[in-house]
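Quick heads-up: structures coming right below.
In what comes next, chain A is part of two complexes: it sits with chain B in the first one and with chain C in the second one.
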Partner chain A sequence: MNVAATVGASALLTALGAALFAAGASVAGHRLRHRALLLAGRRAILAVALLTTTAVLTLGYALLANDFSIAHVASVSSREMQTAMRWASLYSGQPGSLLFWTWSMSLFMAAFVLITVPRIPWGAPHAVATLGLVIAAFLFTLVFFASPFRVSPVIPADGHGLNPLLVDPGMLVHPPFLLSGLVSTVIPFALGTAALLSGRLDGAWVRHARGWALTSFLVLSVGNFLGGWWAYTVLGWGGYWGWDPVENSAILPLLPIIGFLHALIVQERRGMLKTWNVVLVLAAFCLAVFGTFNVRSGLVASVHSFAQSEVGPYFLVLLGVTVVASLVLIVWRLPRLRAVSELDSLASRETGLILNSYLMVAMALVILGGTLFPVFSELLQDARITVGPPFFNEVMGPLFVVMLLLIALGTALPWRRATPALLRRRLLPPSVAAAIAVAVLFALGMRHFGALAATGGAIAVALVTSREYVASARAVGRARGVTALQAAPSLFGRDPRRYGGYFVHLGVAVMAIAVVGSTIYREQARAVLAPGESFGARGYTFTYERLTSREPGVNGIELEVYADIRVTEGGNEVALMQPGRRFFTNFPEQPTGIVALDESLTRDLYLFVQGWNADGVAEVHAFVNPLVMWLWIGGGVYVAGGLLAYGPARVRRPVTALASTEASQA
Partner chain B sequence: MALDSRTVRVSGRRTRLILLLVVATAAIGLLAFRAASSSVSYYVTPEEFAQQIGNKADARWRVGGRVVPETIQQDGKSMTFEIQGEHGERMSIAYTGVVPNLFGPYAFVVIDGTSDRPGHLEASSVVIKHENEFIAGTPPPGSISSDILKGLTSPTPSGR
Partner chain C sequence: MRRASLPLIALALLAGALLQASTAAAQVPPSPDPRIEAQAQAIERQLLCPTCTNERLDVCGTAICADMKQIIRERLTAGSTPDDIILYFEQRYGARVRADLPREGFNLVLFGWVGASLVLVAGAGGWFLLSARRSRLPVPASATAGADDAWLDAQIAEDGSAKADA
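After this line comes the complex of A and B, so read on.
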C-alpha cells in the first residue's frame, strides 16, 4: 500500500463529503432555523480547506520523496529536478493544476467564512451552501476524473520530468497567481448568489463583496502581468500578449470584476445598477469556470481534442449549470432589483461609471466572441475559421482608446449633475494640454492615428488625475493650515478607494504609452547568418560570432546551445547577447527558446534564435521594442494603486441632495 | 407639483442613455464584424483543403499536417516540401526562410499562407505543433529532433 497516495486520496474524498455536508447543513439549518447546523456547515468549509491542504502537502511530500509509484509524480517530476522546480511540478499537468485550483479556492472560502460570513447573518446560509456546492463540484472532478493520487501498477525507475515550457523561474509565480485569481471570483459570486437567494438586495452584499472583488482584481491582474512577462522572456516572438485562447481565458474574468468595482460605487451612493452588479459578479465566476474549461479541454486550440480529455465534457456541464442557475436566479429576483433613484443628468459621475462598466463588458464579449469564433463557425458553417491577433487588435485598440477617454471624463465629472462652468474648468485645460502634446508628437513625425489617439488619451488621464490630487491636497491643506504637499499623503488615508483608484488609472495611462511604443513602433529584423556576418535594425548592428553550448545537467535539460551576438551602435559596443535554445532529455520534440534581453528605459533589445544547420548557419530574430520597461513600471503603479484602494470605506452619506455633490471638492 | 414633468425628464434621460449604449453596441459590433471578415483564416486538414479550395480561392489558410519524408527540397533560403493529412491527402508547400529546428520528416506542422492553385500553398509561416499528451501514438523514433542533435557539430563548448 502506498501511504502517501492513500492519505492524499482519502483527504480528497473526505473533503468532498465535508463540502456536500456544508451545503446540506446550511440548507437544512436555514429551513429548520437550527443554529448548530448552520455553524456546522461553516465549520465544514474550514474542514474542506484543511483536508485539501493535507492533500497538497501529501503530494508535495511525494514529489520531494520521488515517489514515482504515484502516476502524477512520475509524469511531472524526475530525480534530478531542483527542489524549487518541484513547486512548479505541484500544479503542472491536469490533476496537479486542478488540485492547486481546488486548494486555493478552499483557502479563499475558509478566509471568507472566518472574515465575512459572521457579518452577514441575512445571507450566511445561502453563501455557505453555494460555496459547498461549488467546491464539491471541483472535488468531484479530483476524486473521480483526474486524481493526482492515482497509483500506477508499474513503478518507473525515474520520472518523466517537468514540461519544458514550465522549466523557468517565471513559472514558479505566474500560475499560482493566475489560478488563485480565477478561483477568487467565487467569493463575490457567493455573495451575489446569497443576496439573490435571500432577497436582501440592498447595498449590504455589495459592501462586503467589494474587498473580495478588489482581491480578485489584484491577484488576477498580477497573474496576467506575470503571464505577459513570462511570455515575453520565454516564448521568443518579441511580444508579451498574443490573444491566445489561454491568455484570453485569463483576462476574461478580470473585465467584469473591474466593471463591478466601478458600478458598485453607483449602487452604494445612488442605489442604482442593482441588477447590473449582480450580473457582473455572476458573469465573472462563469467566465472563470469557462476559462478553466477552455484550457483544460483544449476546446479552442483544437476543436477535435474535445472528447479526448475526460474532464472536458464534465466542465462543460458544470459551466452550463452555473450559467443557467445564475440566469434563473437573476430573472427570478428582477422585480426586487428596482433602483431607488434615477439618473439626474447624462453629464454626471454616474453616467461615467455606467459607461465604464458597460465598456468592460463589451470588451469581455469581444474577446469571448473572438476566442469562440472557431467553435461557432464549425457549428454553423462546418468550417473551422479562426480570427487571429489582428482581429483583437483592430477591435480592442479603439476600445482601449475609448476607455482612456472615459477614465479622463469620468474622473472630471461630479456626482448627479455637472454645470457647464464646472466642466469647462475641469476638462478644458487637460484637453488643450493633451491636444498640444499630440500636435507636438505629430510635428515630430508621429503619424499613426491610433498611436496619437492613445497617447493623447493617456496624457489626458494623467492630467485630469493629477488635477484631482492637487485640488484635493490643496483643499485639505487649507482646512488644516498646512501646505498641499504636506497634506497630499493623508489623501490616501482619508479616502483610500478614491485616491487608490486614481493611482490605478495613472498606472493604466503609463501602460497605454508603453503598449503604443512597443507594438506600433517595434522594429524587427530576421536574418540567416554564417558566423561573422551581421545585420541591422534601427541603428543597431547585430554580429553573429559563433555557436556555443553547455550542459547544465539539471531539471531535465540535456543541452543548451547559444548564439553569441555582439551588438554595436555607431561603432560603439552595446552588449554581447546570447540567445539560444534548450533541449530536454525526456522531451526531444519540445526544445524551448532562450531569449536574450538588453533592457533600458527607452528600448529593449530582444534576440531569439529560430534555428541553425550543421554548418553553424543560424536564423536570428531581432526586435527593438521601445518603452517595454514602462509596461512593468506602469504595472507596478497599477498594483500599488490597487493595494492603496483597500483601506476602509470613507463614511459618507448617500448622495441625495444636490448640495452635497461638491462637498469633497474645494 | 411638477412630478409628471420630472418623471418625463427622467425617463427621457434614461432613454438617451440606453440609446447611447445601443449605438455604442452597434458600433462595436460593426467594428468587430469588419475586423473579423478581414482577418479570418480557414483552419483545415489537407483533405478539407482539397475540398474547399475551389470556392475560396483568395482566402487565407491554415493547414495542419505531417511532413512527408523525402519531399523536402532546399534551395538556399527557399524550400518546398509536402505535407500529408490523416487520410493520406498530400499537398505541396513553398516557403522562404529557415524552418524551426524541429522541422523534419513526420513533424506535425501548421502552415499559414495563401493558395493560387489546388494542392499548393505559399506559406508565410511554418510552425511546429507540439503534440500534447492526448494524441495517441508518437512520431516514429529517430524522426525529429534526434536528427538535429546529431547534426549539431559546430558548437564547441566554451568556458562557460
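After this line comes the complex of A and C, so read on.
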C-alpha cells in the first residue's frame, strides 16, 4: 500500500464529506434554528481547509521523496529537479492545478469563516452553505475525475519531469497568484448569494464584500502582471499580452470585480445600484469558473480536445448550474432590489462610477465573445478560425481610451451635482493641457490616431488626479496649519479608499503610455547570420560573435546554447547579450527559447535565437520595445494603490449622519 | 553564471549537429531582394502557425512554419501577390492560419456581437441614468456622509471656487 497516496486520497474524500456536511448542517441549522448545527457547519469549512492542506502537504512530500508510484508525481517531476522547481510541479498538470485551486479556495473560505462570518448573523448560514456546495463541487472532481493521488501499476525508475515551458522562475509565482485570484472571487459571490437568499439586500453585504473584492482585484491583477512578465521574458515573440484564450480567461473575472469596486461606492453613499452590484459579483465568480473550465478543458484551442478531456463536460455542467442559479436568485429578489435614492444630476461623481462599471461589463462581453467565437465557428460552420490580437486590439483599444477618459471625467466631477461653473473650472484646464500635449506630440511626428488618443487620455488622468491630491492636501494643511506637503501623507490615512484608488488610476495612466509605446512603436528585425556578421534595428547594430554553451544539469535541462551578440549604437558598445535555447532530456521536441533583455527606462532591447546550423549560422530576432519598463513601474504603482486602499477610513462621521445611514439601511 | 569551457563548446556544436533536424529547419535564408524580403515579412505577420495556438508565423520556429516562410519567398519571387499567397495557405491549412479575422460570412456574427454588446450596455445604462435622474424620492440626509470624506469634498469644492474668485 502506498501510504502517501492513501493519506492524500482519504484526506480529499474526507474533505468532500466535510464540505457536504457544511452545506447540509447550515441549511438544517437555519431551518431548525439550531445554533450548534450552524457552528458545526462553519467548523466543517475549517476542516475542509485543514484536509486539503493535508492533501497538498502529502503531494509535496511525495514530490520531494520522488515517489514515482504516484502517476501525477511521475508525470511532472524527476529525480534531478531542484527543490524550488518541485513547487511548480505541485500545481502543474490537470490534477495538480485542480488540487492547488481547491486548496487555495478552501484557505480563502476558512479565512472568510473566521473573519467575516461571525459578523454577518443575517446571512451566515446562507454563506456557509454556498461555500460548502461550491468547494464540494471541486472536491468531487478531485476525488472522482482527476485525482492527483492515482497510483500507477508500474513504478517508473524516474519521472518524466516538468513541462519545459514551466521550467522558469516566473512559474514559481505567476500560477499561484492567478489561481488564487480566480478562486478568491468565491467570497464576494458567497456574500452576494447570502444577501439574496436571506433577503438582507441593503448595504451590509457590500460593506463586508469590499475588502474581499479588493483582495481578488489585487491578487488577480498581480497574477496577470506576472503572467505578462513571464510571457515577455520566456516566449520570445517580443510582447507580453497576446489575447490568448487562456489570458482572456484570466482577465475576464477581473473586469466585473473592478466594476463592483466602483459601483459599491455608489450603493454605500446613495443606496443605488443594488441589483447591479449583485450581478457583478455573481458574474465575476461565473467567469472565474468559466476560466478554469476553459483552461482545463482546452475548449477554445479545439472543440475536439475538449471532447476528449475528462473534466470538460463536468465543468460545463458546473458552469451552467452556477449561471442559472445566479440568474434565478437575482430574478427572485428583484422586487427587493429597489433603489432608495436617485441621481441628483448626470454631472456627478455617481455618473462617472456608474459609467465605469458599465464599461467594465461591456469590455467583459466583448472579450468573452471573442474568446468563445472560434468554438461557435467550429461547431456551427465547421470552420476553425483564430480570433487573435488584430481583432482584440481593434475593438478593445478604443474601449481602453474611453476608460481613460472616464477615469479623468469621474475624478474631476464632485458628488451629487456639479454647477456649470464648477464643471468649467475642473474640466477645462486638464482638457486644454492634454490637448496641447497631444498637439506637441503630433508636431514631433506622432501620427497614429489611437496612440495620440490614449496618450492624451493618460495625461488627462494624471493631471486630474494630481489636482485632486494637491487640492486635498492644501485643504487639510490649511485646517491643521501645516503646509500642503506635510499634510499630503495623512490623506492616505484619512480616506485610504479614495486616495489609494487614485493611485491605482495613476498606475493605469502610466501603463497606458507604456502599452502605446511598446505595441505601436515596436521595431522588429530578423536576420540569418554567420559568426562575425551583423544587422541593425532603430540605430542599434547587433553583431553575432559565436555560440557558447552550458550544461546546468538540473530541472531536466540537458544543454543550454547561447549566441553571443554585441550591441552597439553609433560605434559605442551598449551591451553583450546572450539569447539562446534550452534543450531538455525528456522533451527533445520541445526546446525553449532563452530571451536576452537589455532594459532601460526608454527602451528594451529584446533578442531571441530561432535556431542555427552546424556551421554556427544562426537566425536571430531583435525587437526594440520602447517604454516597456514603465509597464512594470505602472503595475507597481497600481498594486501599491490597491494596498493603500485597504486601510480603514479614519474619518469621524457626525453621529446624526451615522444614525440616519443605519436607519436608511435597515 | 558558469561560463562554458572549450570542450563544452565542442560538445555544444556536436549537440547542435545532433539537433540539426529541429534547429536547422527553423532557418530561412532571407531573400536577396530586400523588397521581396520586406513583403515576405509583412505576409508572415498576417499568418499564424497551423500547429501552435495563436503563434504568429514570423516568430514561430516549428519546421512547418519554416516551410511556409520558404514558400512565401519562392512564390513572391515567382510573381505571386501577397493576397494570393495568404489565400493559398488558407486553402491548405484552413481559415485559422489568418491572424486577422476576415470580415465576411459567419465571422460577421462576432462583429455583430461586439456591436450588440456595446449598444445593449450603452442603451441600458443610458436608460437607467436618465430614469434615475428624476428625483421622485427624497434624498436621505446621509447621502453625502457615507464612508467617504464629506468634509474634504466640501473643502475641495470651496478651494476651487476660492481660487476662481481670487
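The working rule: the second predicted complex is superposed on the first by the 647 of 666 C-alpha atoms of A that agree within 3 Å, B and C clash if a C-alpha of one lies under 4 Å from a C-alpha of the other, contacts with A are read in each partner's own complex, and residues count from 1 in each chain.
Keep in mind that, in the parts below, a contact is a pair of C-beta atoms (placed from the backbone, for glycine too) under 8 Å apart; a residue touches a chain by one contact, two chains touch by 3 or more.
Please read these numbers as outputs of a predicted model, since none were measured by experiment.
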{"item": "Partners on chain A (chain B, chain C) - clash or fit", "value": "clash"}
{"item": "Which superposed partner A:His621 touches (first chain B, second chain C, both, neither)", "value": "second"}
{"item": "Which of chain B and chain C A:Ile385 touches, first, second, both or neither", "value": "both"}
{"item": "Per-residue touch tally on chain A - higher for chain B or for chain C", "value": "C"}
{"item": "Which of chain B and chain C A:Pro591 touches, first, second, both or neither", "value": "both"}
{"item": "Touched partner set for A:Trp237, first chain B, second chain C, both or neither", "value": "second"}
{"item": "First, second, both or neither for A:Arg497, with chain B first and chain C second", "value": "second"}
{"item": "Which of chain B and chain C A:Arg550 touches, first, second, both or neither", "value": "both"}
{"item": "Partner chain in contact with A:Val366 - chain B first, chain C second, else both or neither", "value": "both"}
{"item": "Contacts of A:Ile354 with chain B and chain C, given as first, second, both or neither", "value": "both"}
{"item": "Overlap of the chain B and chain C footprints on chain A, listed as residue numbers", "value": "342-346, 351, 354-355, 358, 362, 366, 369-370, 373-374, 383-388, 390-391, 395, 526, 528, 547-551, 559, 561, 581, 583, 588-589, 591, 610-614, 616, 619"}
{"item": "For the chain C and chain A complex, residues of the former touching the latter", "value": "2-4, 8-9, 11-13, 15-17, 19-20, 22-30, 41, 48, 53-56, 58-59, 61, 94-101, 105-107, 109-110, 113-114, 117-118, 120-122, 124-125, 128-130, 132-153, 155-161, 163-164"}
{"item": "Footprint of chain C on chain A - complex, ascending", "value": "236-238, 242-245, 265, 268-272, 301, 339-346, 351, 354-355, 358-359, 361-362, 365-366, 369-370, 373-374, 376-377, 380-381, 383-391, 395, 414-416, 421-422, 425-426, 468, 471-472, 474-476, 478-479, 494-495, 497-498, 524, 526-528, 547-551, 558-559, 561, 581, 583, 588-589, 591, 593, 608, 610-614, 616-619, 621, 649, 651, 653-654, 656-658, 660-661, 664"}
{"item": "Chain A contact footprint on chain B (complex, rising order)", "value": "10, 13-14, 16-17, 20-21, 24-25, 28, 31-32, 34-36, 38-44, 48, 52, 62, 77, 97-103, 130-132, 134-135, 139, 144-146, 149, 151-158, 160"}
{"item": "Residue numbers on chain A that touch chain B, as the complex places them", "value": "298, 305, 308-309, 342-346, 351, 354-355, 358, 362, 366, 369-370, 373-374, 383-388, 390-391, 394-395, 398-399, 526, 528, 546-551, 559, 561, 581, 583, 588-591, 610-616, 619"}
